[in-house]
Each structure stands twice: as structure tokens, then as C-alpha cells.
Amino acid sequence: MARALLALQARLRPLLGPRAAQRGLHSGGPPRKLDLRGIYPPLVTPFTKQGEVGYSHLEENLRLYGRIPFRGFVVQGSNGETPYLTQQERLEIVRRVRETIPRENLLLAGTGCESTRSTIEMTALMADGGADAALVVTPFYFRGSMTSAALIHHYTQVADASPIPVILYSVPANTGLDLPIDAVLTLAQHPNIVGIKDSGGNITRIALLVHKTQNEDFQVLAGSAGFLLAGYIVGAVGGICALANVLGTQVCQLEQLCQAGSWDEARELQHRLIEPNTAVTQKFGIPGLKQAMEWFGYNGGLCRAPLLPLSEIQVKGLRQDFTSNGWL
Amino acid sequence: MARALLALQARLRPLLGPRAAQRGLHSGGPPRKLDLRGIYPPLVTPFTKQGEVGYSHLEENLRLYGRIPFRGFVVQGSNGETPYLTQQERLEIVRRVRETIPRENLLLAGTGCESTRSTIEMTALMADGGADAALVVTPFYFRGSMTSAALIHHYTQVADASPIPVILYSVPANTGLDLPIDAVLTLAQHPNIVGIKDSGGNITRIALLVHKTQNEDFQVLAGSAGFLLAGYIVGAVGGICALANVLGTQVCQLEQLCQAGSWDEARELQHRLIEPNTAVTQKFGIPGLKQAMEWFGYNGGLCRAPLLPLSEIQVKGLRQDFTSNGWL
Amino acid sequence: MARALLALQARLRPLLGPRAAQRGLHSGGPPRKLDLRGIYPPLVTPFTKQGEVGYSHLEENLRLYGRIPFRGFVVQGSNGETPYLTQQERLEIVRRVRETIPRENLLLAGTGCESTRSTIEMTALMADGGADAALVVTPFYFRGSMTSAALIHHYTQVADASPIPVILYSVPANTGLDLPIDAVLTLAQHPNIVGIKDSGGNITRIALLVHKTQNEDFQVLAGSAGFLLAGYIVGAVGGICALANVLGTQVCQLEQLCQAGSWDEARELQHRLIEPNTAVTQKFGIPGLKQAMEWFGYNGGLCRAPLLPLSEIQVKGLRQDFTSNGWL
Amino acid sequence: MARALLALQARLRPLLGPRAAQRGLHSGGPPRKLDLRGIYPPLVTPFTKQGEVGYSHLEENLRLYGRIPFRGFVVQGSNGETPYLTQQERLEIVRRVRETIPRENLLLAGTGCESTRSTIEMTALMADGGADAALVVTPFYFRGSMTSAALIHHYTQVADASPIPVILYSVPANTGLDLPIDAVLTLAQHPNIVGIKDSGGNITRIALLVHKTQNEDFQVLAGSAGFLLAGYIVGAVGGICALANVLGTQVCQLEQLCQAGSWDEARELQHRLIEPNTAVTQKFGIPGLKQAMEWFGYNGGLCRAPLLPLSEIQVKGLRQDFTSNGWL
């Protein structure tokens, strides 16, 4: 682990610039791992009519996102339709994103595979491609065997080997598996594991994770805009929010209201984001997210099959969730 | 409905005293339904070694609770082991509690049965016994048939007939059924339905219920101390919390910190309440709740079978959840 | 337990008539507990337009059922809308059914309540009312606490006290709880527990229960006509089948084909019963069951609220499930 | 079986031709698609201590299996730890297995990926590698979007493109998704879809699938030895059974007893296979399956991480499930 720690510190140095400092990194003492505070859109992958990755569309989205005070970006999360991408496409995407976004934006890359060895390989490849940290989803296909012991072993191996910091990622809606709390607490002590993205939305669990890791350099990110305000109040430091692909300015505004302690305005804004958020996640999925992006001037593009485009009725329902909250 | 409304207004008058006013009821204009703001312990039913209701033990608990700024009390909730009580015991309990607690304390009584007609009868009986409002759990045995339409019909019939205001009660951990949001929104418009106790803990859902009922006289109560802080920040007005039977002062303190806007202290307190709360609910159930009450000077008493007393190992685990957070 | 055993033997004597003998009871040695082999409809409770129990309608159904070779009848199962009945109604029903049906028909009565003490009381009352055996559903409201230990304790207490044999009843679709296999195996050794109705439909589990209780006087009944054939092939001795209220002759015919070893015909008949069975259970619930009964000349009657009558579209769907299989 | 063998040989001949073979249709006579009747072990992938595929160990297993009357073999099913294999390893395995097993053994290869395009590619590669049919698991990561329409679209595209017949594969324990019945019925009409492996174990569903596809050339395979007897009685034609890796002779004997109509012996044998089957699937997973294989003279080998080897206590429990049923 010592080697990993050194590699990590070397990697962190360029990140400890003025912006990082201003976000509260220790200027003295042992360096804080990696400041994750802020909002990140998990980027979608716009596909062309021919079913190919629309790299230029992706890059245009990134240029448009440059106006929004995001802390960084996630590539190869669920919303990137990652299970539909080849390894080559995944590497090309991470390279292009890294080249397009400013250096001070953090780039988090999904690297979780089912096997430990593949996850280690993918993490190394993504680090080479320019990722600042690896977002590692729980392996889950053999979920009956994914005990705390198995998961601790998996993440420890990955974090030991990874040239970049690791962020745990629990998304039970897709995986049917919630990373057990005791496993998180053990893993939080690893020098190369810096946080967790929790998409389950169980706010009691999120609060407990913050509480029980308060003595570690470990940060909790809300995995959805639906509980971002609640996440902040219990101690989360930011959010990776599908909705930020569509209403990025508003999600960042919610973050700022929380940090400024303007809770009444924050509540009002949070309330108006819930239905749009549910619409682009549970209700209409990635096809809904991409459709909504188009309405707001971004390139959603098509999905790969078996994801189907929305029906007309679904498009109306989606639109209604935005209009009834004053966003369209 | 008109008759129910008149009965309701008559009933509300004595409640609109100084304390109520101080809690912000309209002094002019149409009367606000019933101010639910605050913390309520859902009272346990202490049983004797012979398996009988220990009425004197219950009354002693209430006298001890007199020192704590509770808004009121719940009788015949899940924690009262209500499914184990006879109708006669239920009525005796509500009468004794009403006689023992001060008039300004609200008394909410669980009255939900599986059939609409029994719920109506039980609600009338509980109102006669002195309940200020009825807490009506969703019927659920035939959950496959409990559509929004069926539930709206049920609650409307109950609320039409009830001499006291009705509070909806959704507790999926016990019932396997989450009262659908569209049903809640329809029912929130009923003049005799004043709120919901939501024990599911889905904070996004709770926020949405607040948001979508903002133009109704409808109040949302958190159903557990585990997400009380998060509940307040998204607009809940109080909580019915099993943990308040044990750490009533602390739960009320959390409420006060939230109302005072002391969010940092609130967060710290909230964090320390989560493990004890989980211990007396999901983890060790009512036997755990009653055991913990004994440690804090209250009469937990025994449970009725088939609930078993905790094993020694369980008692140790329970104790650990309190000591590790500084409460014992 | 000795007393219970004596009471049981006294009770069994009249049952050991020619019909019982012909069904294979031991003629020498220790008497077999109670021969459960055969088909039982779980009787519905027809309600009048005024919402009262239509006793005469129920009795007429029983007279019509007299033409069908049922082994017996179940009162107060789920399909009897038991959670919607008062105790008085429940007793009146069991008495009337006992008076109406021939002595050689077994009468099984649902007696399971949430508390052990209420279940014991209800079992005694039902035995007085003429029930030959008690069908005791798992308590489930506090399902988090319903461990094997708690359930073994509960059923042992009930069986010790019961003047009539006890049949375990596991129906996870309603209760959210599957009686654990280890609990069943322990309870199968109790002299006053004679079998289980398993409505979960997991055929591997049913086969294992038969296998592991082969040295006990313990019989397994399929809880639905949907897996009756599969149940027989793995060793179940009969079925308590909602569909038998509608297509009683056909369900009994399926039983006879299985006993005669006419498996090809059995399979063909079983296949044609699946959709009608699903229609009157999961798909359209008790309102569907009662509607279908009307089409076949029985008195389904109305349901009590909150169960709603079927919509027109639902009635069409229900009818389709019978016509497409050649039953209407 | 002799007849089946002849049918098979007839069937295989045209598979070598171009277009007719693509869809697997006979060029003359009533074209039955592909006779799937029989038992198939889903082969495990033995890994060496270095974590590499132990090809020679795999080949040795196949030679040992040569003594058992299997209908064929499955490669790249769940039990092959397929999610842990690289594409290159997958191709190498299918090629080696094809070379090692006799021509008359069917070789079914798992080819299901999350995206339609990858599934099409993998199917083509596996066909090239010598697979006789493709076993295509449901895509499931975005299960909220995997509607019947999406799944029908997916499988239709795959079956249209596939040079070999397609077998649907529903395994909800791993995927959290049960291929909807209406989708199966639609897909059963596709000329290049010849059957389904149903691992859910819902025998009512399996019977209904047989019933509703009786006019199609569509065959249902049980996905586990736990319900093989029940599967046969309702019309399944065979089974793909993890347990066949360990107790292959016995599983084939159960098949033969079912085909001979020796139901009593079949029942007795089935009963003794349930606990061993559960042990090597749900209870101890693939590590349990591999450990048990070692006891019976096969090369189980190691698993890849994150699957952990069994603990000593687990090994004892596993052994107990075999000894208590007389297999060790």
C-alpha cells in the first residue's frame, strides 16, 4: 500500500492548486486525498443514427458545460451506457473528455468490472487516459456471493493497484446490491479510497456513512439530484447527478445555496428539481435524459439498443415533469 | 363531508389555545386544520409477566414524559404492539392516556383496520376515548388489490365518517405497501385529512409530498428519528419516532435545533441518534425498544408472544449502539 | 402435549370411518393423525349489498358443492376475506358451514392471529364451532422479528393448546413471510401438527418439505391450483385451491388423474387451469374469484371495502382467461 | 433417445449449409428446429493458482463426462464465471470444448451481452467457434427500461442475425429480471428461436410457457436440477443443471426415470438431489460447485476474484448436504 500512497501523493500534487486550496484542502500537515466537493454530471454518450459514438457531439456538450461551475465530470457511469461500449470506445471517450475540459475540472471515470483483475486493468487504462479518480461500481452478477468479505477483498486489491484514487460506487437500482455499511467503513481506511457515490438514496444510511467516517479522509457524494439537499444537510460534500446534464446551472445553484446556508431557497429549488430528476432517471431512464438534453440545447443523441426511444406519450409525460415545475 | 367538517371545527376549537397559537395557527381567517408540528413518541404497551397490559406502568411512563417538550403522543401505533391487543384493551389504553396527559398534548390514535367499516368503527371509538386525530395505516393484507383507487376510496370513506381529523400512515417495512404518491395528493385535498406519517424513509418522496401539497392544509411527519433532520430540511413539520420513547429529550432537542436553524449542531446530534434509532427499530425491534427504555428509567415491560425477548448477545449489541454514541 | 394428544385421538375416532380407511389410514398400530388427502375450496364469504354476510348464499354454495368430490372445505382463509370479518361473524360462519356440509367432509378453519394468545383463543372457538383442524397462518406484521425461533415458539404454544390438529400455513404473497424450512421441520415433529399448506409455489421447497418430513405424520398441501400437478408429482397429498370455488369438478378431476397415474391427461388439464387460476388469484384477486363464481352458478356476492368490484375491462380480461382455455 | 439422436443427426447436416442452415430449418419434411431434449451441464471454468484458465483441466472434465449420457454442454453460462472472462478466453474455451466433445453432443454457448450489437457479434463468434446454439441471457443492467417491447426488439435482432438457433435465457436470481411471458410467447414464433432456459423455478410459469407455445417449435429447459422432475411433468424437455457437473449420472438417471414414467423412483431420486443442488447454487455458489466437483473426481479448480473460496465451516456445510442424502 505504501507504494500506492506515494504514487497517489505524486498524482495529487498538481491538483493542489489555488482552486483546490480555496475549497479547503489542508495547506499544512499530511495532504488531504482529493477534494471531491461539488457537482458532477455523469456524461451521456450521444450515439449517431448509425449507432456510433458521436464524439463531436460529446465535445460540444462539454464546451457548453464550460459555462457551468461544475467541479468535474464523470465518464463511463451508468448514464454513459457504459455496458454498451467497447473497451476501445471507453478509452477514446476518456481521452477526448480529458482533452476538452479544463485541467481544474476533476475527471472521474467508471472502471468497475465484474472481476477484480479486469477492474484493475480498466482502472490503469483510465488513469492513462487522464482520469483523476476511478469510480468503481460494486461487482454484482453473483450477488449471492458478494459478501462484505468478498467486496472488501475486491476493492482493496483494486485500490492497492490503482495509480489514481478510488471512489466506491453503490447503485442498488441497477445492481440489486447495496455495498454493506461495514464494508464501506473498512474500506474508508484505505489510503487510496477517498469516498463513495451512494445512489441508493437512503438518507439515514448516507448520514451514518458520514458519521462513521468522520475521522477518515473519506467523502460522500449523493448519487442523485433528488436527495441533494438532504445529502448536504447530513454531510455529503457534493453530488453526481444525471439531472446536471440537463439543468446543470440549477443543480450547481442548489449546491451554492446549501453552502451559503440559504436553506429556504435551497428547499424551494430542491422541490422543483425532484420531478424532473425522477423523470430522467427511474421514470424514463437514459432515453428520457437524452431527450430532455435536446430541449435544453445539448446533444443527447440516440441510445444503443436494447434501449428504445421514448414513445410519444412518454415524451409528453417527460415534458410535463419539466413544465409543471417551471423549467420549460 | 359537510357534517364531518363541522364536527371537526367544533373539535378543533379547544385546541386553538395559547400553545397552539404560539405554534403559528392562524388567529383569523379559516382555521387551520390541526397543527401537528413537533415530536411524538409512539407509546409502547408494557406487558406484565402474566401477559396483561401494565396500565400503571404505562401511566408512569407518561408522567416521566411530562418533563419532555413533546407535542403529543401516539397510541396504538406499530410500537404499541397493537395487532396483539384486544379491542377492549385498545379502548382502555386510549382512555387512560388521555386522562394522564395534559390537555395541550395532542393524542393521536392508530385506528386503521383491514376493512373500511372496521376502520370507521375503530376511529369513532378512539375519538370517544379522547383521541385528537386518527392515524390510519394503509390496509395491506390483499396488497395486490390495494390500488390507488381502492386506497382513495377507503380513506375518503374513513375521513368522511370520522369525527376527528385523519392522518394517513404509510409504513412499508411492516405492510409491504407504500401509499402511492398520487393517492396521497388526492387525499390531501380532503378537508378532514390533515397529514401523513411517512415511515418509509425515502427522503425524495417526502420532499415531493411536501412540495405537491404546499397549497393544501396538509402536514408531513417523519416516521422515524433516523431521517428527522433530513425530513425537516425538506419541509416535514415533525416526527413520530420510536426512539423518542427512550431518548425523548434528545429527539426534541434535535427538533429545536432544526427550528432554530442551528444546522451544524443538528447534524452532529442527528448523527449520534442513527445507530440507537436503527437498534430500536429494524435491528432489534420492539423487544429492543423496550429493553432500552428500561435502561433510561422507563417501564418497557415485556412483549407479547410471538415477540421473543432479546438474547444476551442481542442485548450486548443493543447496548453497544447506545454506548458507542455516548448515550450510555 | 400428552393431553393434546389424547384430545386429538378422541377427536379423530369418528373420522376413522370407512372413507378414511379407504384413503389409507393405518388400521393397526398408532393411528395416523388426520388424513388430509384431497381437494378443498377455501370458501369465499358472499356479502350482500348492505355489506352483511350472506349466510344463505354461502349455504347454497355448499349445497351446490355437494355434487363435487371435495375432501372438505376451508373457512376463514384469505379468500374468505377473513381480515374483514368480526369474531362473531367468523364463529357464525364456521357453525353454519359445519351444519350444512356432510360429516365426512373435513372442515379446516383459519385461526391464525398476530398474537399467540389470540390464536389460541380463536383456535378453541373454531374447534367449538365444529372445525376438524386449524389452519394457522404465520404471524407477520412484525416480520423483522419473526425468526424461526419466534415462529417455532408460536406454533408450539398453539399446537399444545389446540383441541384439534394444526396445519401450518405459509402464504408469502399476502404476508411477505415464508415460514422457514428449518422451522417447518422442527414443527413437523409435534404430535398435534399434521401438515402445511404452502401457497408460495416454490416447487423445490415443497419437494424438500415432503422429503425431510417423510418419517413424520406430516402432509403437504399445495396452496394453489396453479402448481397442483407439480405438487402431486413431488409428493403433496392435495390442495387448497381458490379455483376450486369456480371449477371444483375440474380441480378434483386433476387430483384423480394424478392419483390414477394418468399424467398426460393430467398435464393437459393442468395447463388449461393455469390462466383461470392466476386470474382469480394474483391478477384479479377476490373480486375476480367472486365474479367468476357467478358465471358458474355460484353466489360470489360482493366484497367488503376496500376491495373494489372489477372494472369492465377487468371483467373482460377475466372472462378471456376462462374462454381461451375452453371453460366458458 | 435413439430417435432423438437420429433427429439430431438429421438436423446437424443442413447446419453446414448456408441460408437454410442459418435458420436451422430442415430442407424437407415438417421442419423441427433443433431437438434440445436432455441434460446439459453448464461447464465451470477451472482457474489455476495463477488465475489463468486451466484448459487442460477443462478438457479432462469433458473426457470424464464422456461416460455420462449428456445431451450436450453449455459453455459461458453463469457457472462458467463468464463475466470474469475476456473475449479471447471465451473463444478459446468454446473452440476447445467443441474439439474435445463428440460431434453428437450439442454445444450451447452463452452469448448474451448488455447491448444488442455486442450480443450479435458474440453470437457470430461463438457460432464460428463451433456452438450449435446460442443461449442468450436477458440484458438487465438498465432493468427499468427492459420492457417487453425492448426485449422483443433485442431478441428479434439477435435471432435475425444469428447463424445458429437462439435459446432465450431467464435467470432472475442473477439478473433481477424475469423475461415477461408475453415477450416469450411473441419470440417463440421467431423461426430462429427454439426454446428457453428458465432458471426462475416458478413451475406455474414453466407450465404456462409449455402450454402457450405448444403450437410452436419451442422447447422449455429447466434451469436447475431442483425442479427437474416437476419440470418434466409439466412438459419441459430437459435441463441445464449446475449439479450435473457433480452428479451428472444421477441427473441423467432422473431424466430417464421421467421419460420411462417411473415416477415413484423419480420422486425419490429428485428428493435426494435437492439439497446438493441448493448447496452448489444459492447456498454456496460457484465456489461450492467447484469444491463439490473435486470430491467427485473432477477438476473444479479455483474461482477468480471477487469470488472467494469457501471457509472451513462452509465446506463442512456443503459436505453435509451431500452426505445426508447419501452421495458421499
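Letters are used for the chains, namely A, B, C and D, taken in the order the chains are written, and counting of residues starts over at 1 for each.
By definition in this document, contacts are C-beta pairs under 8 Å (C-beta built on N, C-alpha and C of every residue); 3 or more make two chains touch, one makes a residue touch a chain.
Keep in mind that what you see is a predicted model, and the values were worked out from it rather than measured.
Taking shared numbers over all numbers used, the chain B to chain C interface scores over half, which places it in the same class. Centre-to-centre, using mean CA coordinates, chain C is 37 Å away from chain D. We define each chain's centre as the mean of its Cα atoms; on that basis chain A and chain C are separated by 52 Å. Residues of chain B in contact with two or more other chains: none.
Contacting chain pairs (ordered by label): A-B, A-D, B-C, C-D. The part of chain B that touches chain A in the complex is made up of residues 201-204, 207-208, 210-211, 224, 226-227, 229-230, 233-235, 261, 263, 267, 270-272, 274-275, 277-278.
Residue ranges of chain D in contact with chain A, taken from their complex: 51, 78, 81, 83-84, 86, 113-118, 139, 141-147, 149-151, 153-154, 157, 173-174, 176, 282, 285-287, 304-308.
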